[in-house]
Amino acid sequence: MFDGYTTSELSAIFAMQGFAGLSLFSVYVLMALGLAIIFGQMGVINMAHGEFMILGAYVTYLVSIFFAEYMPILFGAYFFLAMILAFVASGLLGMAVEWAMIRHLYKRPLDTLLATWGLSLILQQIYRSTFGAREVGVSIPDWMMGSIALTDLVEIPINGLFVMAVTLIIATGVGVMMYRSLWGRQVRAVVQNRTMAGAVGIDTGRTDRLTFGIGCGIAGVAGSAFTMIGSTGPTAGQLYIVDTFLVVVFGGAASLLGTIASAFTISQTQSILEFFLSGSMAKVLTLLTVVGILMLRPQGLFSLKLRK
Amino acid sequence: MTKRPDTETVVTGPSRRGVLMGATAAAMTASLFTPKSLRAADFPTAEVNTTGLAVTDDAVTIGILHSITGTMSISETGSVQAEKLAIEQINAQGGILGRKIEYIQEDGASDWPTFAEKSRKLLVNDKVASVMGCWTSASRKAVLPVFEQHNGFLYYPTFYEGLEQSPNVIYTGQEATQQIIAGLDWVAKEKGAETFYLLGSDYIWPRTSNKIARKHIENFLGKKVLGEEYYPLGHTQFNSVINKIRLRKPDVIYAIVVGGSNVAFYKQLKAAGIDMTEESPLLLTISVTEDEIRGIGGENIEGAYACMKYFQSLDNENNVEFVSAFKEMWGEDMVIGDVTQAAYLGPWLYKAAVEKAGSFDVDKVREASPGIELTTAPEGYVKVHENHHLWSKTRVGRAQADGQYEVVFETADLVEPDPFPEGYQ
Amino acid sequence: MASTTDYLLSVEGLTVSFDGFRAVDNLSFYVDNDEIRVIIGPNGAGKTTVLDLICGRTRATGGAVQFKGHDLLKMREDQIVHKGVGRKFQNPSIYDDLTVFENLELSAPGSYSVFGALAFKRTGAIIDRIEEIAEMIFLSDLLDQKAALLSHGQKQWLEIGMLLIQDPELLMLDEPVAGMSVAERKKTAELLNTITKGRSVLVVEHDMKFVEDIAHKVTVLHQGKILAEGSMDAVQANPKVIEVYLGH
Amino acid sequence: MSDVSTLGLRQSRLFTASEILGYLVLAVVIFIVIPSALDAFRLNLFGKYLTYAFVAIGLVLCWGVGGILSLGQGVFFGLGGYCMAMFLKLEASTPENTAIQSTPGIPDFMDWNQLTELPWWWVPFNSFAVTVFAIVAVPMVLAFVIGLAMFTRRVSGVYFAIITQAIAAIATILIIGQQGFTGGVNGITDLRTLMGWDIRPDNAKTILYFVSGILLFAVLFVAHVIRKSKAGRLMIAIRDREDRVRFSGYNVANFKIFVFCVGAAFAAIGGAMFTLQVGFISPTLVGIVPSIYMVIFCAVGGRSSLIGAVYGALLVNWAQTTFSESFPELWLLAMGALFIAVVMAFPMGLAGLYDDYLKRHVDRVLAPVDRMMIHRAARRESEKLSATRATQPAE
């Protein structure tokens, strides 16, 4: 397995694969955080999650064009504004969708799957009609596309670091909001006992809308970040949806920490396997492992053992 | 056969004037200014259409069958646009045998059974005289039995893996050897490449192409392949393979990554500090046209080499006209890739074949097709081979930051299509 | 060892913890043949959890539960049922989409396997048995009614009927009169008195009046542990019990 | 205690008058209306739609009746299709037809992938009997293994749905990745004859349409019998109150495994017919997207109605074809709106519409017929039932 590599190469392998795993980890966390809120906390199976991400990517694209056109001097910094706008756009769309559709379906979680699937078809077509069927190229500021050479062999991509930083900020932000803010308390109250939460004066409808909106908004930020590493097209969102659900489910749907731990486990497994096997087989093995573990531990990696 | 003396096998392409007049004046242009137009009255419908195709005294209906929804619509949109442009130009010149081309467009929806369904609809229900369509090999394989059963005629635009030669298909793109061999020879000779790393999306075209590439590298060039890898279609994380490449230090990365994966691959390659302009390693691809670069971003792929038969930057009169007509019809920001150009050839080749045969009957068109020449093709002179593929040149282009290729090499002669290459099986 | 087999049900050292919280803590008690045992205790004392542990709904962390010499902790729910343990839930747990008749039919013993159920045909004996039970639970006239349409009390009776038709040796009832009107409660007490003949019953109940009516012996739980055990009078006089119930 | 004559009324009837009417109408639609109204091409399309109805019927049992939502039915549909395709491909790959290959006599895609002999697990598919057996058995074995692993571990609801979705993803990647054995992303194409009978001409497609129709009714009958048996009632009970069923002494997992296997077998039969109708099979039938569509057929039909499932499959597919032919650029909007509308406004689908608006009238008309049937059956059953009575009537 390690034939033909020198020791220094081996250590470089591990360093770089470790970093590759970490970038994959950040990607998974970004994809999954929004869904962990929507699916884990609200029980809504949002099949249009990928399309909310792509909305964020398109917003980033528009902002990049705007900056290139009108404020070329500030182009290096457009990304930060783009991420905020992506959050706002996806979040607002999410709240609208919650109001029009999702709130009527809380008692039928499996039906949310079908309805949001319909929504995803509609969004894809809207993107296609608006931006064209082709992928759009989002130009990334130069400073973000370079890399830092640590040694001859080990180079760390800056956009990887950037994605990691974004992930860290958002994950911390969500954690703080969830466990420290009034909204977080309200969300958790509504999740645990909707009737009682309503009875003690929480506007459950508003809380739901806000929660769904924030979940979608985070998806938008993820989409914005992914323009650095992936493609932006009408159907690109579908690439992410299965992996995203698996990460959330594997982590134990109700636990944010679980989501992060599961993203870590899956990404490291995949990136290690990818190095020694071909890409396709690595993917198959990773998925099989996850499914296998889920069969042994259906409640996911991190879930409270609850009194029924 | 009712072959008229004035029907030549060499057909003029779009007249410059017709193009400049634009789409709106097309019909008028055709009748007034195009000297070579044939009059339908000279070709009575009963004679030129003996098999009940959708051909009337003043129109012939053909089908356009591509994915305009689903993942493949990213790639196939360009083909649809090129075909529509060609149809419009042909109509402006008076159509085929004096008949205007009308088309029925169907959506294959990136789903192979849907392609089969729609092709059957076009052939059986609409009785279209021919079909411009398909992009992926899978969609072509799905419709092939339908075309053979109902004796339809398909113009297929994509470069593909070869290993096929259907009497009901004209392959206007390159089969694998046409695209691969000259490029590898060039990179070995001009760039002194000794070692190669083969990489691709996981399906038949990249695998077959890499098989041919490997045979050529090892058996004919006597060089070395350091690794060969495939990733699922739609895969977006390439850091691991980039690490492997970095460790193996090949002279050439031979990449056949397609679709959305493409964008991820090149962005990550760039971000990982592999600067393709330094050419160590050098990247050679057969799957990135100008169309794909739009998604990837020119700055992310600058310095990579692509091996195609057509680049938008080709400097010849035909191409300049074609590019400006395309942009006029579809917008200034459009780019044109290899397959788009090949799709553009379809209607023109069909026109030539029908007029050579003097009939729309599929059997006669088929018989007339080999030997058809187009001097007006944007890629330059092409000719239909006995095996239904095109003779065409192979070119190597170097990607520029503006998303265009600079042509750095082209074969001196047309390369013979060889869908079943000996020694590469 | 002798003690564990003499009783119909013996619970020894039963413990379960949820993420470190011990809902039931080293609990031991014994139920005799034909005994009606009531478990009482304040909210959160672990009463329902004890029933869940015995019938296999929750997995114990430690201890032993012996029923007629079988180790119940090692069995699945359906196997425990086959040994003769029946369980009624706190909220009426019936099949809303099926008729009363079908509810009872599905609860009747026999044809437990998939292919048995596929090949099952109603016999006169089963129809008679169902009608007999329906009579006992006051639902004779409603046999063809969808269960969803029953009143809350009727649903409770239906579930009791579904247990009766199983004919278990140990019947476990979780708050059988909760949410019932006074009249319904009286009828239920009568019902329980007739059906408990010839079997042991383990009841979790809050309604002290009702407990007094039926209990042979009372076990008081508090924070997962036994606080007191004995006759109703003795327990009511127990200062620790008074402290727990009235102390705060 | 009831007297002998009412005893018969208690016997569960396999068919009510309105159910018989429902099946008769469906039979008229499938065997008379559609074939006489459509040309060969459209009929062939409906033949393809019918194959999806098999999956939808299986989903009614799994999901509508049993509460198990599988987003991986495409895997079973595909397995059935692939088994059939393997047989047809071997038949098409005679040494004469494949003389151009380096290894004549093996399927073309194997030759392209440098295989020089048939893999051992392809060999049994030379036999039609083995193939027919495998079409049903292979998916059932897979369903059994998945079911055993999941249901005994009590994976249910959304979790089960997402895991089956992952399995669909795995299956697609595997099929595409192992293209030397499976034909890869192209699938197994260019199938010509079934035991010498050319499946490509229009009249063959018409015959296949009727074969599909007949098989569909066979499958409907099996599903109906299951639905009406005690096992069927238990599935509903499990869907609504899984715990209660356990505490009535049933091993719930076994029933779920059973119904999941039945659903898989139905899907596989549909898949095999699909291969025959369309002439090829490909991984696009296996993945997540087709699997979700299959659930949508079932939802549009009314998730717990067997007949509804058939109409649902026909309607959604017909709508898709029609929309996409009329508005090739915008048909997705219409489909998306249709799905949302069904979920939001008609959660019980076509069957729900029928229940709300038509059922009353139909029942009123049929009431005398039904009474007659009941009494006739009651008289017959009473004799038998009183013989099985444990005690003599009290009087």
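As written, the chains take the letters A, B, C and D, and residue 1 is the first residue of each chain.
The rule is simple: a contact is a pair of C-beta atoms (placed from the backbone, for glycine too) under 8 Å apart; a residue touches a chain by one contact, two chains touch by 3 or more.
The structure displayed is predicted, hence computed values, not measured ones.
Novice: Following contacts chain by chain, what is the lowest number of steps it takes to reach subunit B starting at subunit A?
Specialist: 1
Novice: Quick one: which chain's Cα centre is the longest way from subunit C's?
Specialist: Result for the farthest chain: B.
Novice: Go ahead and note the Å separation of the Cα centroids belonging to subunit B and subunit D.
Specialist: Spacing between the chain centres: roughly 40 Å.
Novice: In whole angstrom, what separates the CA-based centres of subunit B and subunit C?
Specialist: Spacing between the chain centres: roughly 75 Å.
Novice: Determine the centre-to-centre distance between subunit A and subunit D, using the mean Cα coordinates as centres, and give it in whole Å.
Specialist: 35
Novice: If you average the Cα atoms of subunit A and of subunit C to get two centres, how far apart are those centres in Å?
Specialist: 47
Novice: Send over the residues of subunit D in touch with two or more other chains.
Specialist: Residues 173, 176-177, 329, 332 of subunit D each touch two or more of the other chains.
Novice: For subunit A, jot down the residues that touch at least 2 other chains.
Specialist: 124-125, 238, 278, 280, 283
Novice: Can you tell me which residues of subunit C touch two or more of the remaining chains?
Specialist: 57
Novice: In their shared complex, at which residues does subunit B touch subunit A?
Specialist: Result: residues 68-71, 73-74, 76-78, 202, 229-232, 234-237, 239-244, 246-247, 259-264, 267-268, 270-273, 291-300, 403 of subunit B touch subunit A.
Novice: Taking the touch rule as given, give the residues of subunit D at its contact with subunit B in the complex, in rising order.
Specialist: 39-41, 44-45, 48, 100, 102, 108-109, 111-114, 173, 176-177, 179, 184-187, 189-192, 200-201, 274, 278-280, 282, 284-285, 321, 324-325, 328-329, 331-332
Novice: List the residues on subunit D that touch subunit C in their complex, please.
Specialist: Of all residues in subunit D, those touching subunit C are 1-2, 7, 10-12, 225-226, 229-231, 233-234, 236-237, 240-241, 243-252, 254-255, 258, 385-391.
Novice: Across the complex, what residues on subunit C touch subunit D?
Specialist: 55, 57, 76-78, 81-82, 86-87, 89, 93-98, 101-102, 105-107, 109, 111-114, 117-125, 127-129, 131-132, 159, 162, 166
Novice: Across the complex, what residues on subunit D touch subunit A?
Specialist: On the subunit D side, the touching residues are 69, 149-150, 153-155, 157-159, 161-163, 165-167, 169-170, 173-174, 176-177, 288-289, 292, 295-296, 299, 329-330, 332-333, 335-340, 342-344, 347.
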